[in-house]
Structures are given as structure tokens and as C-alpha cells.
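So, here's a batch of structures to check.
Heads up, the next two complexes both have chain A, just with different partners, chain B and then chain C.
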Partner chain A sequence: MPNRKTNLSSWALGTALVAGLIVLPHLLSFSQREIAVLLIINVLLVASYRLMTLTGEWSLGHVVIMGVGAYASALFSKSLGVPVPLSMLLGAGTAAGLAAILSFPLFRMKGFYFLIGSFAAGEVIRLIWKYFTNPFGGAKGLKLIPSFPDINLGFADISFFEPENYYYLCLVVVGLSLFILYRIEASRIGLTFHAIHWQDKLAEAVSVDTFRYRTLAFVLASFFAGLSGTLYAHYIGTVNPTRFDVEEMVYVLIWAIVGGTATFCGPILGVVVLTIINEIILRALGLDTVRPMIYGGILIASVLFLPDGLESLGPKLKRLFAGKRPSGQLEETT
Partner chain B sequence: MYRKKLDHKISRRKFLATTTTTGAVLAVGASGFSNITHAADKTVKIGFLAPLTGPVSAWGKPGLDGCQIWAEHVNAAGGVKVGDDNYKIEFVAYDNEYDPGKARTGAAKLIKEDDVKFIMMLGGDTWPGVQPLAEKEGMLVSTLLPSDLTPDTKTLIAPCEVHPIYNVTGVEWLAENQPDAKRVVICAQDDALGTPSVATYLAAFEAAGMELVEEPLFFDPATTDFAPVMTKLLASKPDVLCLDTCYADYVHPLCEQAFQQDFKGTIISCTADFYPKIIDKTSKEFMEGFIFQFPDFDDPALNDERVNFANPNEFYAEYAQRYGAAEWSAVSWEYASIMDIWSDAAAAAGSVEPADVLKAMKASGLVKHAFGDAGWWGEELFGIDNAVVGNWPVVVIEDGKAVIKEYRSIPDWWAKHKDLMIKHFTALGQMWNQRA
Partner chain C sequence: MGRVLAKVIATMSELLLQTMINAVYAASYMSLIAVGLVLIFGVMGVINFAHGELYMAGAYTVVGLYSFMALPFFAAVVAGMVFVGILGLLMEYALFRPLRDNPLGGLIASIGFLLILQTAAVLGFGVRMAHIKPPTQAKFHLMEGVVLTEQRLYVIMAAVGLLSALYVFLRKTKIGWAMRACAQDKEAAALQGISLNQISRIAMFIGAALAGVAGALTAPLVSPTPYMGHSVIVTAFIIIIVGGIGQLEGAVIAAILYAFVHTFVTTFYNGVLADIVGLVLMLLVLILKPTGLFGAKERA
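After this line comes the complex of A and B, so read on.
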């Protein structure tokens, strides 16, 4: 009976969330819709990063992998004339393929060494983009990347240059991706990722091929990171090596740390809350020039007071109320 | 306790006296404001879309500060006269963090929500993010980096800075005044700003008969340790160390390293933003003779009658008083000088609408540029004549202070050496038709 109640409330919450996301653009100003598009792309980026961390390895190259997807999709569509929807899939596939190749040297390392190794690999990729002006455009990168094609429904033209329409496209793509990521985590494969994280020696002892599973997590995470890169490239219309540098990676880490990585929703919560604070609230308050300082302050405060991330707030509040209820009941009975 | 203090301090009589005085002040203030409102009864909003935070903010934030001073002066004088109306100028700023995605969001906000009539940008990496929206909306946009220009960028203008072309004037002056300085090394951050500047310096050095003793050294923008960079540069014992168009965050440590590694030659650079801080980190003697392109506006040479920037010395004094002289940078005056050009064009057009202003700007062919009358140019290098080019100052640090040594003509240099410029631009893939 309680399970049914929980299921019902989960469904109600889920339905309300979906409904909220559908009406959201109509409640936002034009520029806030632009922010919503970039936010939803970042949600996919950070959610894919969490999949990577499930096996216990934290990478510093995830944003570069996003860039691989962006560059590949841009080149497929711009230089080879591949239709944009197909080039997006190819771009994501390229990111996954590169991750598969990189996993051979990288997964010879673990922990801190893997972190540094992933940073080095990412820098090599970025330097390749810079060095080879043809085809990557050098330091200036690629611009005038074809946008997602308009759709003519007969009674209406849907232009994906408009943030509202692109938002809905991203919502579908990211929603589907999150569903897949969630199902992976909840599957036997996901449980194995967790097992490798917490007890890798024990997992090996029961015949789990930890290298293959780590590679699988890396490849899957890279596919979705690459997909987020393709969504970015075909919306903004330009990519350059600086956009995917380590500074951007630091933001992904901050989102994950502030949100928490214990649950699927943690990093998503982090990116949503911090983006709203940084891009909407602080800008609206006219605090443009001090935003990095405030952002840093929030990070320090969250590490000090919410070491398990924003995701731990819910259970804490639940415990708080659950702890009070019995005493209330006691008062009633007496 | 606090309440007690209040009770003790504020008597009824005092309260009435204070209220009356405040009321009187507000009434006078309100009447004053109503006068100002009457003098400039309409407001035109101008967008400022540049990096205000992050490593490139040195070329954004000081420009916004300069614009606020400019707007206060113009508004106090009754605003900009456009047709029969006086327009008060209001700047709406958006920090794009030098990110194309955020630049797009900022442009959307400025155009769709703030209804700006003109947007000033630093340009570079951020322009491609703005370009589709600006073109769709027909918004007039200015950049400080003409390398953003292509034949397609019809509404993009570079009315102040022909970066990096004006760097040729510094090299030309150096060659004439230090004829023995022949051996040159150059370094730059490997990005959209560094590469075209290197191409320009290479052309200028070749035109001046100077020899590049090492291949240009491109370092990654993420570099924080400049000791090995400088060691490599100084290994060939150059006479001239060229710092290209490095950001302030690189120029400072590079100079520190050159000082620590005992470089004795001449340093030439596009900018020397916040140079008093470099002097603090090195020495006045070391920085003596440092050549760059951006004057302090308290320089008496700016009172030359050819200079069109209004009251440069007063502008500088106001800036230094508000933000400190050490905060003066290359862009402190540039965006404000673009506003001078925009105001002239709006007045001539009798309209603040972007298309009308652009038409008026280009109608006469001549522009009242900060450093003297200049013309539209750029077809051969950028594929479109949307850059303003004329004279540019050569600035040298003497006794710890930037001094304008001379104004030199960029068109004259171009007429003699344009083939060299095109050659080096082509070699580094910087011609408009080579950019991806």
C-alpha cells in the first residue's frame, strides 16, 4: 500500500515536472529562453558526466569530449554536406569512438593518475584543433555552422533559430537521453559500475572485467557528452578550442559537486540551481562584474554546509519532518 | 536598547525639521530632474556586449567605465540632438564572458527586450555567436577587431580600432629611431587575437628591414608559467622583444620574466594595459623605451587640433579620479570614441534607427575618428570597407609615463607595403576568405 502511494506521488511529480517544462518557455522572456536552451544542453552534459563517475573515475576531459561531438558534427554538416540531424548522431558517435580509443591508455591509470591523464588527453585534442587550421579552423574555430533545418508542417513553419523551438527540440533529445542514462544506471550494467567504484578488486574476483565496464561507462558518457556538443554547435553556430577548455570543465565539476553525485538528480539539480543564480538572479540584480566571486562563495558554502550536495537537502528535510511528527502525535494523544 | 537610542535621539522638533528639509531637497531635486528630462526628453539605449569578467575583461570593463563618463557628460549637456529631439544616452551592459553562447543570449536580451539601437562589442570569439541574430534583426554592431569583418557582415563596423593593422606604426617608428635594433623575436597567445597580430608584426618587421631570429612562439592561452616562454625567446639574444597583442594577464608576467632574465633590449607591444603595475613589478629603468599603441589621455599631444576626441585630458582626469590612473587601459576611451562617431551619424541621419545611422556614417566617406579624420577601408584585407583607418599614435614609456611620440598614417604604410601584409595574412590563414 505505501509503495503504491509512493508510485502515485512519483508519477504526479513527474507529470507536473514534464508539464512545467513544456509551458516553461511561455513564462520566460526571450533571453531567458536562450538561457534555458543552454541550460538544458548542460543538463545532458553533467548527467553524462555522472555516468562516467559511477565507476569511480573523475575525468578532466569531459568538456573536450563534448567539443569532439560539436566539431565532428559541424564538420560533417558543413564540409561534407551531411544533413544536420544525421551529422549530430555521427558527431556523438565520433565522441564515443574517440573515447573507446582513449580508454586503452587512460584505463591503465586509476584515481588521481586517471584525472591527470584525462586532462592531458583533452589538451592534446584541443591543441590538435588549434594547430590544424584545416579542417578545424585553428584558434578561431569553426563558424557559420549549419543550423538544425526548419520544419514546414504546411500550416506552420518551425524555425529552430528561435530559442523556443530549439528548446523543445533539446527537451525531446535530452529527455530521451536522460531516460536512457537512467535506465542504464538502474540496470545490471549500472549496478556493476557501482560495484567497480566501491569494490573493484572484489568485482574482479567474481569475474567482472573492470576494464571493459570502465570503457563502457566512458564510451556511453562520451556519446551523450558529444550529443550535447552537437546541440550546442548547431544552435550557436560556432565552436572554438577555448569554449572547451579546462575552465569550462571546472564549471561541470562545480555543478556536480554542488548538486551532489550520489543520485541521478544531484548534478542536474546543481546545474539548474547554479545557472539560475548565475545567469538570471545575479544578472537581474546588476551584479554582473562580481558574479565569479559570488559563484565561488556559493561553492565554498556548499562544501562547508552541504558536503553531500543539494541532493541531500531533500532527505534532510524529510528526516526533519519525520522526526517532528511523532512528537506531534504524542501531543495529540496526550 | 537600539529603540531606546532612537527614542533618545529623535525629538518631534528634530523629526519635523529633518522631514521638511528632506522634502525641500527632494522637491528641488525633482524640479532639477524634470528640467534635465525636459532638455533630453527621449532616451536611446545603447548595448554594451563585452567581457566584464574573466581573462579578457581588461578589454571590456574599462570601456564600460569610460562610456559611463561619456554618457554623463553628453547627458549633462542636453543629450544628443537627433532631428528635433534631444536624446539622453543610456548604456545597457551584458557580460558575455568572452563566450559566443553568452554573447548570443546577451544580444537577444539587448535587441528583443531592451530595444537598443546600437551594440558595441569587443568582437573576436564572441561575434560569430551574435552574427545570425544581428543580421536577422538588422542591428548595427561595432567591433574592436576588424578581423571579424567579411563581405557578409554588412551591419558590423570597426569604427575605432583597426586592430592589428595600426601596430605597423610602432614598428616603423622603432626602425627609424633605433636603426641598430634588427634582431626580433615575437610571442603571442594562440588565439583569434594573437594570430592576425603576428601576421601584421611580421609584415611590419619585413618592411622595416628587421630580421625575425626565431619562428613566432605561440603559447596556449591557459599558460600561467611564462619563465620557459621567455627563456626560449631570449635564447637567441634578440634586440627587440615583441609581445604582439597579448592580454594584460600575459603582458605583465612576460615583462616580469624579461626583467628577471635580464633582457636589455627594446620591448614592443600592442598594449601595455595597467603599465604602472608592470613598473611596480619590474623597474622604471627596465620599462624605459617600451613601445606600444595606446596613450594615456592626459597626454598634451592629444590636444592637437586634428584630434576629434572631445576634452581628452578632462576625460582622463575623471576616469583616474573614479577608478584610479593604474586602471586606465587601451579600451577606456575606445568605446566612448565609437559613441562620438555614432552620435555624429545619428545627428546627421536625424534618426537613431540602425540602418539610418549606418547609412549616414558611410555617406560622406569621412569619419571623425578620435585621432583625426579617417576613411572607410578594408576591402582588400577583410572583403568589406567597414573599418575606419587614419592616423594612430606611437606611444613610448619615458620616466615611468606613457608619452605620445608621434602620430603616423596607417594608409601611407598600407600604400607602400600592402603586398607584405597580404602575404603574411595569407601565410597565417587570416585573409577573410581563409577563415573557416
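After this line comes the complex of A and C, so read on.
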């Protein structure tokens, strides 16, 4: 039972967070606003990745799925003339549909085999983009993707060419998506995902169709990954196969692992903290070339010394401080 | 008319033979890399994602020692082999040993190590391709229009020699027996007084050194870049999946199979299609027989 006090403080925290996110672009420079937009898109990507990992399967094709959304939305809007907001939904739907098809071969595998299988499937998709120049533009990819249409409110024209306005658009879309993802996880379906992760044989024994639930997790995660891809495509205006290669996937893995995947907030914490470190500290020091090395070091350090991620840091510190008081020891033993 | 046909047939057979020789060369260095990866997996149960970067490190040792410091080529190759072997020991000690009970953690940590090695190569040598003057330009004309360069012959000879030596080592020596015992059952091996740390060290050194020697020998042929490991690890994954994870002989056979398919599709169609064919081959194996073409039956 959540007591009244924590409820109140979490409401206060939530309100402060929302207020902070709304004023944030006004405190940033132009280039930092662009980074903020990309950060929000990555938050959706990594949160959708977590939904995937709930069933215990680690995919190496998630960024390619994001790319599927981006390519599909770009092609729908550019070649078929579908209006952009609709094409974004169609793009995300395409990513989910492709995931549904891919789940038939991929979920015959588990664990390490799934990891490699998803990697191979992703590489095949990427090579298809590279190989077929006609719809996909080959290695150079697609350019001049239509941007999000302006909205005329009568008194004001909102142009989404401005990073600031696109930031708010992303904030709304991603916020809504995160809410849906959170509700999915808290629902019966989410609990089933957890059950499959920890006890798949037992779950099967109580008549849970693990294949269908794994597919469901994959399809839902792919929908939101695709959505993040469409947000990216209509903001940047170009997509190419290299943007969605395994190196980007490694960064998603790093965000998720460094943040920790046990709770909903962990991966989001990871991407926010690492992006801030990356953009503020490393850029200020002019350390662009050693960035992968520092990321690699952070990854190794977090696997070795903080295997549950940044999210475990809070409770750990709390316990450390509580341990100094005599009452803390009682808690430890219970 | 008959003469034209004969000419066409002669050219075709030359092309076929030349492609086969290219495939044998490709199979040689791919099997060196894949066998190392399989050995590490077999003994330690962890997939070394940084294996392509160990190959890259071997190539850059040759760039540094042979190209810049003008040491003899084979001295540089041996130095590369030992250096990469020591990198392997470092990985075993710093990453895989603390994470022994956590195979996914080991894999993730090796991704971190991969990024570190890549950046080190960028810092040391720059992002551009390093061009190395081959130590020998000699060519053997096996037939009219069919050529094998001496540099490629070195790679083939090294692969045959080292892999045979490894085979004998695993079958005939006490340490080899101990390694195979560890691969089968770690606890039982430990109960027999086999030191897991010792065996892991040896496996990691040999596995890394094989990747290093492959990189060192092929360096003059491929123009090393810091990012060359990526395509190598993809290839190695395909080979170990097709051959069956943990199967040394399977890895060699799969390397030969993959090299022939890839080289022929590249020659007669193009490289991207060859990559697609390779990956689809791997996906088919994963779907139909996940233990690999030469793998044992799935153990429960």
C-alpha cells in the first residue's frame, strides 16, 4: 500500500520533472536543443528495448528495427505522398509487422542463439537496404524526407523545422509512448513477460503460450522502436544503412546495461546520464576521438562493479547510510 | 566456331580455378579466426565479441613493426602473435575470470574491450587505411592465367601448420586433454585436479594468438583499418554457427564451405549479395539445426 506521503512526494517529483522538461529548451543553446531532441528519441528507443528484454531475450537487431520504421515512414511520405503524421504511424506499424514475421524464425532460438540470430536478421535487412538502390537508395540512403507539417493555430504558426518545436512534439509522442509502455509492463501481460523470463518451463506448465507472449513483446517493442525511428527520420531528413549499424546497437546495449534493466527507469537513466556525460563533459574537453574508449571503459566497469546498473546505486547508497543507524541492521536481517 | 567455344571454356575454367584458389586462401584465414573463437567458447563458455579486434591488433602490430620500424616481416608476425596472445591473457584475467558465472556479462565486457582496442588503433595509427608494402611480390603461375601470390601462400601454410599443431596438441598432450575435459564438463574437470584458471589462460592465449597471426599475415593483403574487425566478427559468427558452437573440426569445415560460397558469389555476382547469402545460410542453420551442421545433439 503506497502511503499518502510517498504518493505526494512522487507527485511533486513528477510535476517538477514535467516542468523541467518544458522549460529545458529555453535554457539550452541551439545545438544543445538538437541533442535534446535526439536524446528524447533515444529514450523511447531504449525504453522499448527494455520491453523486449523483459522476456529475457536480448536482441541485437533493435536499432535495425528502428531503421525499418524510419525507412518505411520516409518511403510512405516521400514516394507515396502519405501525410507525415499518418506515415509515422504506418512506419511504426511496418516495424511491428516485420517483427511479427521475423518472430517465426527467431523465436525458435533462445539465449545466445537468439542474440546471434537477431543480429543476422538485422544485418540482412541492412544489406537489403544497401543492395536495392531502387526503393531504398543504396548505401547513400534516402534524402529529402518530408518534414513534419506546420500546424496553423490561427494566432500562431508552429514550424517543426525549429528544434524547439520538434522537441515538444517528441516530448508529447515519447511521453505518451512511455505511459503506454509502463501500463503494458504493469498489466497482466507484463507480469507474464516477467514469468517467462524467470521460469519459462513453469509458465508453460500453467498454460502460458511462451511463443505468443515472446512474439507479443517483440512486436510491441518493435512498434515503439519503429516510432522512434520515424521521429528521427522526419527530424534529420536523411536515413542511410550506416546510421542503423551494429555500432549504434552497441550504444543501446551500453545505455541499457549501464542504467540497469531491472526497473522501468533504469535504461532511461542510463541514456540520459551517458548522453549528458558525452555531450557536456567529453565535448567540452574535446575528447571526441576517445569517446568509444571511454564508453568501453564505462561498460566494462559497470559490468564488473555495478552489475545491476545505475538504478541500483540509489538503494545501495540508502542502505549504506541506513546501515550506520542501529535500525538499519534489523532491516538487513529481515 | 569450335575454337571460340574452346577459348570460352578455357577462360571459364581458368576463372573457376582462380576463384577456387582465392577461396582456399579465404578459408585459411577465416578458419584461423573461427577456431580461436570456438576454442575460447569451448573452454570458457563466453563469446568473445572482441575477436575481430584481436585480428585487427595483429594486423596493426605488423604495420608498426614491419612498416614503420622496418623489422623483418616474419619477426613482426611472431611479435604480433605473441602480443595478441598477451592481450588475450589480459582479457581473461580482467574480464572473463571475474565474470565466469555470467556469460552474458562476459560478452558485454568484450564489447567494451572491443571499443577500447578500436580507439587505441585510431589514436595510434589514425582512421585511414594503412598501406603495407608486401614483403614479397613473388607469384606462382600454377596454370595459364591462374596465379597464387607468395603472400597468400604464407597464409595458407600458416593455417594448415598451426591448425594441425593445435589438433595434435589437443589430442596428444596432457594439457590438451585437460582442455577438452574442461570443454565437456568444468566441474568434473576441476574435481580431477585440473586448474580452470590455468586452462582458461592457455585457451585464451592460443585463441587470441591465432586471431593475431591471421591479422599479421593478411595485413599486407587487406590494408588494415581500425574498423576491420567488424566484418571479420560477422564472418566468424556465421562460421561458428554453421559449424556448431564449440566444434573445432566443424569450424574448419564451415570456414571452407563459407569461403567457397562467399568467394564464388562475390566473383560471379557481387560482394553485398555474397554477404546476404552468408547470413541467410546462417539463419537457415539456426532455424533448422541450431547446434550446427556438425554439432552434437542438443544436450539438455
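In this section, the second predicted complex is superposed on the first by the 322 of 334 C-alpha atoms of A that agree within 3 Å, B and C clash if a C-alpha of one lies under 4 Å from a C-alpha of the other, contacts with A are read in each partner's own complex, and residues count from 1 in each chain.
By definition in this document, a contact is a pair of C-beta atoms (placed from the backbone, for glycine too) under 8 Å apart; a residue touches a chain by one contact, two chains touch by 3 or more.
Predicted model, so just to flag it, every value in this text is computed and none were measured.
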item	value
Side-by-side fit of chain B and chain C on chain A, or clash	clash
First, second, both or neither for A:Tyr182, with chain B first and chain C second	neither
Partner chain in contact with A:Thr289 - chain B first, chain C second, else both or neither	both
Partner chain(s) touched by A:Phe264 [first = chain B, second = chain C, both, neither]	neither
Touching partner for A:Pro307 - first (chain B), second (chain C), both, neither	second
Partner chain(s) touched by A:Val246 [first = chain B, second = chain C, both, neither]	both
Chain B versus chain C as contact partner of A:Phe211, first or second or both or neither	neither
Chain B versus chain C as contact partner of A:Leu127, first or second or both or neither	both
Touching both chain B and chain C, residues of chain A	127, 130, 246-247, 289, 291-292
For the chain B and chain A complex, residues of the former touching the latter	52-54, 57, 61, 93-95, 98-101, 104-106, 108-109, 112-113, 125, 128-129, 131-132, 136, 190-192, 194-195, 220-222, 429, 435-436
Contacting residues of chain A [partner chain C, same complex]	58, 105, 108-109, 112-113, 115-117, 119-121, 123-124, 127-128, 130-131, 246-247, 250, 253-254, 257, 289-293, 295-300, 303-304, 307
Residues of chain A that touch chain B when the two form their complex	29-31, 34-35, 38, 127, 130, 133, 135-144, 147, 161, 163, 232, 236-238, 240, 242-243, 245-247, 279, 283, 288-289, 291-292
In the complex with chain A, residue positions of chain C that touch it	47, 94-95, 98-99, 102-105, 107-109, 111-116, 118-120, 122-123, 230, 234, 237-238, 241, 245, 272-273, 275-276, 279-280, 282-283, 286-287, 290
